[in-house]
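Step one of this worksheet: look at the structure below.
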């Protein structure tokens, strides 16, 4: 029961975050294809952030699937994650509106690191409450590689943004693709 | 359990998409009936898109009703569908604000084709996971005619928009009405 | 299962409708009490519409509580109700922004009549599917008086708006209060 | 069943309230760190209100966890709470946009008092329906100290805002921290 409501609230917040980002795609006044052109970088960042938020939702879904008990700590670790995710529309909009300038790209990278840390805190809080749960441990271990690579990638994207923001963009896409590739190991754990 | 959460997240995203479209109906400054007049095309496109999104929700509801297992593939095919649907408010607003000019109508048609393809991908991904499910197969077959007609209609609406956008509008209404007519066959399958 | 999802989607849409209305309370530039004054009529209409939408949610909740089967007709009658409710934020904002001018008050009344009709259609569609359900019949009969009074009141509010919109305002408040008074009869039916 | 839907609707409304606040973080035109600076007070108030709304959600979650029956009174007491919470984004935005001027801080404090009263009314309405429920009584008593301290703190923050709004800010943070500290007693009650 309690887990259901935690999931429902998280689903609600994530659904709103992922959808309000599209409001940054302001409707142009004109109707020629030239009027659409300035929207292209906004559309690209929207797509990137949509995929990122979706990855968080999928991982959140997997993580809570193996959870059995909800403590106050888990609730607050979850709220902490939602807080950082709720800033993604702002960082996305700023980056898209300004054609990938160094500072917005840096802020986006930093936010992604903070979201990653918040997710790790949630994982650890859950792990503390489920010490003897081998299924949960196996699932977390199967994810830990991707998590570490992501954090390293985001941190690397920050200095690269000051050389050329295209490098940072490539890193962001690489992280998204890495998470999109289905993980046989973690899926197997759940199906067991 | 896992299916419940996929449905809940989809319901949340679709509920937001269908509702934020109404924000394009900007409140006029004046209070005469003349102030309402420029809102009429926006209201009409809002109504059209509301019906379209509702049709997707109803079909999504029917489709997931017969689903038994959720794979990573189904989750991502579902997220892909939600992504394209999330662009409907933008395309709707652009078309409504500009009194059905050719380019916005084309973009709307293209988006509808992409939503249709995304829905078909979701159907196929589900079909792969439920190979021996005759109920699901029967349901999909009962829907496939309408799906093909819709795609053909949307593609036809694109060149017609450059002759007269009224033709495209008629096609959009025809597709909506076609889906609104209850399908005895698919309802029967579910009630069995 | 199917009823759960219909309720979840309706809850999502109604939750968004009731909440986005508050976005019309635009944050003033200044910080004196004079800056708050123009917000008072907007706040009052927000409160009125919040109560109305809440009444619809409560009645929808009661109505679906006694429903056993969901047909395609019920789904579409429900979507039809949600469509008209989704226009309430617009009508509310227009009425509040313009200090209760005749035309916005008329549009608000007309919308309320349309919402009432949509609710009645939903009731009747449910009744057709539950012919032998005496509990449902008793519940609907216990509500029908209030429903008829509301419709008459809204229709009366339209000509009165052209005499003095205060009369219409009083009628709106009267309808809200009438629904807020708990109905012993219908509550008893549910608890049986 | 009925409790589930009350929770789902509340979750939806609270999820939207907590998320639309972030829309006040308007995307700056420039890309220098100077452009971010005016957003700092808005970000701080956003964080504060996010924590407050989250606390309400957590408490609402705990409170309804021990509830067994839903009456019309509980539904309306809950809607009343949601109404006052729905005004938090407005009060937050006004306070953040104006660098903590006395009047916005006062309005924020008054709103917090009203939210606190609405929560107390909800608690009392639930208590009336669950007279013999010792678990519920124990839970409410464990919370009552924090509730009283919060109300006193908010009321104190009002005159202090006219001396220096920093005092009010410190009080707001103190209340948030107090609720964030896990309450062993109330957690124990639930786990029993």
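As written, the chains take the letters A, B, C and D, and residue 1 is the first residue of each chain.
Convention: a contact is a pair of C-beta atoms (placed from the backbone, for glycine too) under 8 Å apart; a residue touches a chain by one contact, two chains touch by 3 or more.
Since the model is a prediction, treat every value here as computed from it, not as a measurement.
Engineer: Could you classify the subunit A-subunit B contact as same or different, where same means more than half of all interface residue numbers appear on both copies?
Structural biologist: Answer different: the two copies use largely distinct residue numbers here.
Engineer: For subunit C superposed on subunit D via Cα atoms, how large is the rotation, as a multiple of 5°?
Structural biologist: Nearest-5 rotation angle for the superposition: 90 degrees.
Engineer: Could you work out how far the Cα centre of subunit A sits from that of subunit D, in whole Å?
Structural biologist: Their C-alpha centroids are separated by 26 Å.
Engineer: Indicate the whole-number Å distance between the mean C-alpha point of subunit B and the mean C-alpha point of subunit D.
Structural biologist: Taking the average C-alpha coordinate of subunit B and of subunit D, the gap between them is 37 Å.
Engineer: For subunit B, what residues touch not just one other chain but two or more?
Structural biologist: 8, 12, 15-16, 20, 23
Engineer: Would you pull the subunit B residues touching subunit C in the complex into a rising list?
Structural biologist: Those residues of subunit B that touch subunit C are 7-8, 11-12, 14-16, 18-20, 22-23, 25, 27-29, 31-33, 36, 47, 50, 54, 57-58, 61, 65, 180, 182-183, 187.
Engineer: Which part of subunit B faces subunit A closely enough to touch in the complex?
Structural biologist: The touching residues are 1-2, 5-6, 8-9, 12-13, 15-17, 20, 23-24, 71-73, 75-76, 79, 82-83, 86-87, 89-90, 93-94, 97-98, 101-104, 107.
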